[in-house]
Amino acid sequence: MDCKDILNTTYQQILNEENLGAVASYIPELAKVNPDQLGICLITKEGSSYSCGDAQTPFSIQSIAKVLSLSLVFSKIGDDLWKRMDFEPSGNAFNSLVQLESENGIPRNPFINAGAIVMCDIICDLFDDPKKELLNFIRKVSGIADLSYSQNIANSEKQTGFRNYALVNFIKSFGNIKNDCDQVIELYFHLCSIEMTCEQLARTFGYLANQGKQFKTQLEILSSSQTKRINAIMQTCGFYDEAGEFAFKVGLPGKSGVGGGMIAVLPNSYVIATWSPRLNTRGNSYRGIKFLEEFTTATQDTVF
Amino acid sequence: MDCKDILNTTYQQILNEENLGAVASYIPELAKVNPDQLGICLITKEGSSYSCGDAQTPFSIQSIAKVLSLSLVFSKIGDDLWKRMDFEPSGNAFNSLVQLESENGIPRNPFINAGAIVMCDIICDLFDDPKKELLNFIRKVSGIADLSYSQNIANSEKQTGFRNYALVNFIKSFGNIKNDCDQVIELYFHLCSIEMTCEQLARTFGYLANQGKQFKTQLEILSSSQTKRINAIMQTCGFYDEAGEFAFKVGLPGKSGVGGGMIAVLPNSYVIATWSPRLNTRGNSYRGIKFLEEFTTATQDTVF
Amino acid sequence: MDCKDILNTTYQQILNEENLGAVASYIPELAKVNPDQLGICLITKEGSSYSCGDAQTPFSIQSIAKVLSLSLVFSKIGDDLWKRMDFEPSGNAFNSLVQLESENGIPRNPFINAGAIVMCDIICDLFDDPKKELLNFIRKVSGIADLSYSQNIANSEKQTGFRNYALVNFIKSFGNIKNDCDQVIELYFHLCSIEMTCEQLARTFGYLANQGKQFKTQLEILSSSQTKRINAIMQTCGFYDEAGEFAFKVGLPGKSGVGGGMIAVLPNSYVIATWSPRLNTRGNSYRGIKFLEEFTTATQDTVF
Amino acid sequence: MDCKDILNTTYQQILNEENLGAVASYIPELAKVNPDQLGICLITKEGSSYSCGDAQTPFSIQSIAKVLSLSLVFSKIGDDLWKRMDFEPSGNAFNSLVQLESENGIPRNPFINAGAIVMCDIICDLFDDPKKELLNFIRKVSGIADLSYSQNIANSEKQTGFRNYALVNFIKSFGNIKNDCDQVIELYFHLCSIEMTCEQLARTFGYLANQGKQFKTQLEILSSSQTKRINAIMQTCGFYDEAGEFAFKVGLPGKSGVGGGMIAVLPNSYVIATWSPRLNTRGNSYRGIKFLEEFTTATQDTVF
């Protein structure tokens, strides 16, 4: 059975099983979505593309965008980045706050909110118009020339994001935010507002499966060495407090978002993007995790 | 430049650089060792073996032995193991205690002390003479017929291991230790007392680079699927609070011990064992980490 | 209305109200008791004594005995005690473990288990036969010549006290236990096993309301200054995570035990002892707290 | 030796001893002050007033003002206040953040920053012009008709108070802030900006030593019962992580501020205010604590 058949078979199987968990509801925009959609798209380095279900429906990619902000900053300032951030797993959300305190405002990694906020601060340092330049970078990487921030979602985040306001101020109290808190958090909320389809997602992150270069165009986004390192961080920190479980069950580096999207990478081979809005108790897509577990078991794909 | 040359070159380079950190001193036996030794041994699936420096000197493998107790238990009871243990990274030592409390005595993973102690409790459940059976298993896996526990080290651990006594009692207060605390901790101290050379270590863990089978004999230690999972756990949890850094810099699953030993695995390819007693501030071998970083950068070996 | 009338009226009122909470059940001996008993005894400096209800029924005084071990140690070594212990409130139980870690094995105060265990260690230092000498001290203070440890309760504690075994080993790992863990914890379990009636309790602690001297005999247990200090510690640390609430509602220094007993002190005036086995969610006697709140509101007795 | 003589003698003694600790420097206004000033003022219920040293020099009373905001809110809404706040000691600063998380945004007590911020939120609920009404209340209580906020200090707090901005947003994320974060924190910074002399401070808090009524005028600020309760909260929570030590050494309810000021109350007798800018490591005035310890030892004044 080839990859495409396994994809379709697994898709049908998951569709037939019960769908558990709840859609993220902390902002109205996320709660509105039809919870039982399921989209899959796999794109290989060689150019093959396989899609199932709702692979062409745009959704809020949320924290998956943190891989983009990390890529932008890493490509611009290299390892200087790690003066302001660590790359260790953070354990549960509860710990992340305690750790921020005990580690003097140095976030554990670029994928927890604290880390992504510090990354936004660095982007504010780098550019006169950080919001525009971040968007330009995402447009370049994704190849979607007319991509925009979702103003609706950014505004919603802003009206309810008190914990993120708390974070940026808390980190600034340790001196690890250089710019105005409002400007930084504004950029952060816009970063989280990006919408893509599964197909766009899989294409966007092709460089992680191709030594830093986009699949078709071979446009270099990161060096080969930086690419490996981002994959390593995704492996250890990409799924909140389920990183170990994802490594254990799926065995590929990846990143999830509370919108129900996920990407996973088989280095030098393919990127797969999944989307299904219901989240398990640890905040990752219930069907997304399940699909990837079944799929990689059948294909025997794993980095381990 | 082939693998052997890179190994030798990197070895010479590391020898010429300064050697930092301190030897573990919590038990006299560990403190006695000559701190500037450095041994390396790489063994490939195909049967090649390359050694440098003190590769034939036996040393206390300490926590590396936790991979063996995990392998024994996993091979015996399969996924039932995960009813009594998680497989998530634990953050720093400080957190591991708090997490044990907030997670009702379920250790974060099998490689923190709490997890290895629960594993010893399961071994006590499985066998009438757990100490003997564990040793038999290690003899079988390593192929060293006359391997024994180091009574010296086990006794030293016993006399100073109050924190481990605290752990086993604390976990028992949550009901996650079924046997007598003294019996369990006795087994744990013996597990940590095993001594091997780099060459023996690399040979012992061949099954992790060969779908669960030993290199030469093809003796099956674990199923292919279980092997991948142990590699995944080593990747996310194998280096205390430096797991993310090891993934970032080395990019191979592995495990370290406070005796200064380390193993790292390139799946389906090779196992490399290093030993150098001086530890960095996070408890991993200073020269071991450095060697593996330089070596894998030169060979471009990585799972990512 | 005089003190005696208020006592009786309040007693009747509390008896008529519902009785909530659960009896401590972590050891069988505590769970066996009739949960709806209520005993009160107030004894004044001048020699008056008023009792209500089950004031002559013996019960397990549990942590109230920690005031006695503190008094013994304080009288023997004075302020040297505070080299091994602090006298700050500890917040909730969860924190006490974290704090022990971050404060290097120095317990927050003598009334949390960790603190009482360190006190037992000091008693082991002071005497050749610490168990006998502690009992002698309690006999002297209470005036009950034939008082004994309850072997039943001490044994029960021993069989289920894994968390306390954990504590003593954990503290020893920081060097703040000097004697053998087993000996120290044995003494601790015996300390907690003492049984008294409300009347005996009130009489025993007369020295706290009389500048350090027993009411009738004027036998000096502590100096006047030490007495004030013990009252101060009871005020800030005497009721687990309800010390603030007890100060707020009752306004007297005091100490409670999980057997449902409590003492409270109006300095230079009286000691009142209450006993009712059902505990509120914070581990203090539901009716005991309620009685003292109503009683002191009616009498307007408070140190504030 | 009468009270006045003891005051003078103790003052001279403290002046002759070394002065340790550092002036609070987190805002420039506090750092500017001459660090070796020492002022004392004791005012009795009967109308006597004794002053020493710099008792007429105004200084920033900082957190002592939290007793005033608590008194205002308590007098207005009574025990409804405790639906939004607890009255338990908080342990160290580190814990207060963790506890806020684990206790769902309910501050431990009204004297930690989180609690005072929630109090400011309640004041914003109560009044159309909260800043003006709070000032009116403080003018009324202090009898200083022309008292104003120190705009300098309030502005300084604002420019550096990122941790407090973090707190207000964090609490709002739990729903325990009802008003706009900026308005609440603005009020909080103004509350902390009040300046008084020792003499004014002692007079202002006379109601705490007189069942809720001001000394001279007998103006009722709080009910007798509320007054006892505020004294109880000061006793258990008034000195950051030194509340136990203050109870132990001084034995009076009181409150300190990082400006180096302190008040202490002997109920039904007197209020004493001290000021000396150097702070010990726990954030309380080095000489203030020392003075009160010596003074109360000599007078034997204590609530215990």
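Letters A, B, C and D name the chains as they come in the text, with residue numbers starting at 1 for each one.
Note that in this section a residue touches a chain if its C-beta (ideal position, glycine included) is under 8 Å from a C-beta of that chain, and two chains touch if they have at least 3 such contacts.
Keep in mind the model is a prediction, meaning the values are calculated, not measured.
Novice: Which chains, if any, touch subunit A and subunit B both?
Specialist: none
Novice: Using C-alpha centroids, which chain lies at the maximum separation from subunit B?
Specialist: Computed centres place D farthest from subunit B.
Novice: In whole angstrom, how far does the Cα centroid of subunit A sit from the Cα centroid of subunit C?
Specialist: The answer is 55 Å.
Novice: Quick one: subunit C and subunit D, Cα centre-to-centre, how many Å?
Specialist: 32
Novice: Where the centres are mean C-alpha positions, what is the separation of subunit A from subunit D, in Å?
Specialist: Taking the mean C-alpha position of each chain, the two centres sit 47 Å apart.
Novice: Which positions in subunit C are in touch with at least two other chains?
Specialist: Residues 94, 98, 102 of subunit C each touch two or more of the other chains.
Novice: If two chains touch, include that pair; go through all of them.
Specialist: A-B, A-D, B-C, C-D
Novice: What does subunit A use to touch subunit D in their complex?
Specialist: My answer: residues 94, 97-98, 101-102, 162-163, 165-167, 169-170, 172-173, 181.
Novice: Which subunit B residues qualify as touching subunit A in the complex?
Specialist: 86-92, 94-95, 98-99, 102, 108-109, 225, 227-229, 231-233, 235-237, 241-245, 247-248, 251, 253, 267, 297, 302-304
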